[in-house]
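Please find the structures below.
Note that subunit A is present in both complexes that follow, paired respectively with subunit B and with subunit C.
Here is the complex of A and B:
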């Protein structure tokens, strides 16, 4: 009786059996990487905006405090996007003829809001409150990165749940004194863990990892 | 152990293989079912009917995916309905396979040989049907992979303290090991089919599946080792899977679920229903394919005995539930039992007792065990009874909660029924395909039962 298969089938079948294991492992690893990549999370991708507003210029070079525009960050869930009136506080006096700022003036004249492109968009099933994070000593830059060095703003962090939990499980690694929250240039000291534990006691920071902390 | 009396008794029972068979006739008779030219009309009709039922399942699943689990009858307070009833029922049926293939192999029960292949296939298909239900029950089945511990972006593991996650591991392990066991057992027979197949495609497909089996002494040696190892691996699974399924209930605090007797009682019930299903399927198949020589009355008699024994354990379980309801002194427990006896679901409960406890007692009689129609009817009744058992356990306990304000009633909707009937269609379709394309009885193991296979010492 003739052979059904060629001799090379032996090698082929051995390779495919062992190769399958590596293929599955590599595919799992690859999928995990893709899920965390900027392609999925959009982290680090600067968004186009109707006006080329530069945080680098305003917050960095001019040194305007975050709270000048994001007024409600210490009191409410939302940090607040400033109304056109806030822009006009200065721009009624300076750069009044700049063509770049024409949409701002148009917004002011017609009393319609500027339609900014949202950069940080948490899913609707997540409850997030800026004020409590500010009160407990989480710096702006801890989550948003060095906004004072961004021309067009991008999302610094992945905003994935493992990223949230990283801090909620180990707040001592990230918290800072309340006075330093709005200091963009603050760097954690060498004894951050000791400082963090001390702050956790002082500010009564808990490790909040119950589901209902964020999913209410 | 071979005292003359025992020998005589053993000989008085029907043989495990009809006399007059040789290696050639065994191989020919079993492989002919697969390799014959043309498909028998009965098969086509049976498969067509099963296929239609399977389409009912697919339609119901599609409706479920589009419209959500609101199309089922479940609601507060009965949040588990047909989905979980059917899950437990199917997974229980899947227990006969490993019991027959692993435990009876290790116990050297040679009568298992002609039913093991078939029972293992039945196990796989039943587990496939069972696996469908908890996934659909999730509500968002496309996220079912969340059940597995994989490197997810949520930074979380599944809740390892929940029996529901133990279930995921128990069932998937069971499916994997059963599949391996079944496939390894098939390899020598696949090689036989490869060598006997008249068509090129047949030789190619069976050849790939046979993985280069040549039947050398080395092959057989490794094969025997692997098969025994797999049998050893499967043995704990026979008890572990349904134990863990019972934990889904027993770990809760619901009256009627929170009972330490649940694991053994569930395992016995699973084997009970598994053997009933093997019998339900084996009786028509041996008739249709003229396999009475291989699936003899001895097999049916033995299966009936296993059913009788496990049925008595199940009956003991019912007794203990009732006893503990009184002895435990917990008012909720005793209310639950009285509610089973005389509540809104009392007809179903007494039908369950009739099906699972009363009627199977006829198996004590040798004449019943020798009557094929009687065995067939009893096996169907036990299948029904075991389904009712899960229905009673789940629905009666849930519909009367601790708080009378949250009491309610449950009945399956049209989609509950169509999905149940449809899953039977899926099961039968897979079974028909198996019978048509794979040897349903282990050819090489049957050959070892032929008198010529007995190795005798040469007299000097």
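Here is the complex of A and C:
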């Protein structure tokens, strides 16, 4: 009986068996990459807003403190988005004829809310609280990046569970003195780990990795 | 055989139907802060208090604390003891909420004023230095002239702390050597902490 397959097919079959393994591994790795990519997490994508409000202009160049507008960030879970009244504090006198600000004035006149597009949105099954992070020395910039240099706001971090946990496991890598929380330009010093451990002692920071910390 | 098939089909249908009823936990049926509501006419999920309701602990019985005024005019003392912590708090809050216009030392040349806002008077004016503490609380609460009120952004305690800090600012600009305790006067001639030593020498030039 003649050989149906040529000898070389042996090599083919071996290669394809190992190739399949390799393919599965590569596909898994690829999927993991896609899942962490900006395409899925929307990190780094500036959102269109009803008004061209610029943090770069207000927080960066004018030097207005975050808390002037996000008043509740030290006290409550939500950082707070400023009401139109806060804009009118200044814009009742500044750029009063500017068409860019017409939606703000219209909102003030008619007592309707400005509908900002949400940039950060955790799923509702996750509990997040700003106040504890601010009190324990996690800076705005650690999670939100250099907001003071953004024209339209984007999300800097992935907001995935692995991102939260990375810090909850090793807070010493990220915490800073409380007085520096609102300083957007603060850079970790060379001895961040020593400083971090020291701060963990003074602020009594725990490593909160139990599921019920965030899923309650 | 037929009966078994029917049972299997039933289980399948029920499972699929159950899956269809899945509630997406991503967006639970509750309102988050600032969420849009389709129920209320103005579209806001965050509601104002119904007129006339008073939350526990917010009766505001003591008018002096919440208005800065008593029967005989503006009050002149803090409603709580003055400590270093109060001044530090006032300092911090002043820098956040007032310095954009009044600038950090209170002369009224803040960033927003430089961009065209009406310049406020210097807080070191003779007239303002004589006014009682309650007056500053009142200006912050209700605004003054074109200046908006800050009650929505700054809670009462903080407004009092800011008032106390303004007093401290005013004194700082009119301080004399006599205000420094004799024991500390030697420190006045020492270089300012953190000042690079070269600067001092350059300033004193020939000496």
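In the analysis below, the second predicted complex is superposed on the first by the 204 of 216 C-alpha atoms of A that agree within 3 Å, B and C clash if a C-alpha of one lies under 4 Å from a C-alpha of the other, contacts with A are read in each partner's own complex, and residues count from 1 in each chain.
Methods note: a contact is a pair of C-beta atoms (placed from the backbone, for glycine too) under 8 Å apart; a residue touches a chain by one contact, two chains touch by 3 or more.
A quick note: this is a predicted structure, and the numbers were derived from the prediction, not measured.
Undergrad: A:13 in the overlay: touching subunit B, subunit C, both, or neither? Say first, second, both or neither.
TA: The answer is first: A:13 touches subunit B but not subunit C.
Undergrad: Contacts for A:112 in the overlay, against subunit B (first) and subunit C (second): which applies, first, second, both or neither?
TA: After superposition on chain A, A:112 lies in contact with subunit C alone.
Undergrad: On the A-aligned overlay, A:160 touches which partner chain: subunit B = first, subunit C = second, or both, or neither?
TA: Touch partner of A:160: subunit B, not subunit C.
Undergrad: Touch check for A:94: first (subunit B), second (subunit C), both, or neither?
TA: A:94 contacts subunit C only, not subunit B.
Undergrad: Can A:35 be said to touch subunit B (first), subunit C (second), both, or neither?
TA: first
Undergrad: Touching A:85 in the superposition: subunit B (first), subunit C (second), both, neither?
TA: Second partner only.
Undergrad: What's your read, subunit B or subunit C touching more residues of subunit A?
TA: Larger number of subunit A residues touched: C.
Undergrad: Touch check for A:4: first (subunit B), second (subunit C), both, or neither?
TA: first
Undergrad: Using the touch definition from the top, list the residues of subunit B that touch subunit A in their complex.
TA: Listed in rising order, the residues of subunit B that touch subunit A are 150-156, 194-195, 203-204, 207, 211-212.
Undergrad: In their shared complex, at which residues does subunit A touch subunit C?
TA: Per the stated touch rule, the residues are 62-65, 67-68, 71, 77-78, 80-81, 83, 85-86, 88-90, 92-94, 111-113, 115, 123-125.
Undergrad: Given the complex with subunit B, which residues does subunit A contribute to the contact?
TA: Within the complex, subunit A contacts subunit B at residues 1, 4-5, 9-10, 13, 28, 32, 35-36, 158, 160-166.
Undergrad: Taking the touch rule as given, give the residues of subunit C at its contact with subunit A in the complex, in rising order.
TA: 25-28, 30, 32-34, 36, 42-44, 95-97, 100, 111-112, 115-118, 146, 148, 152-153
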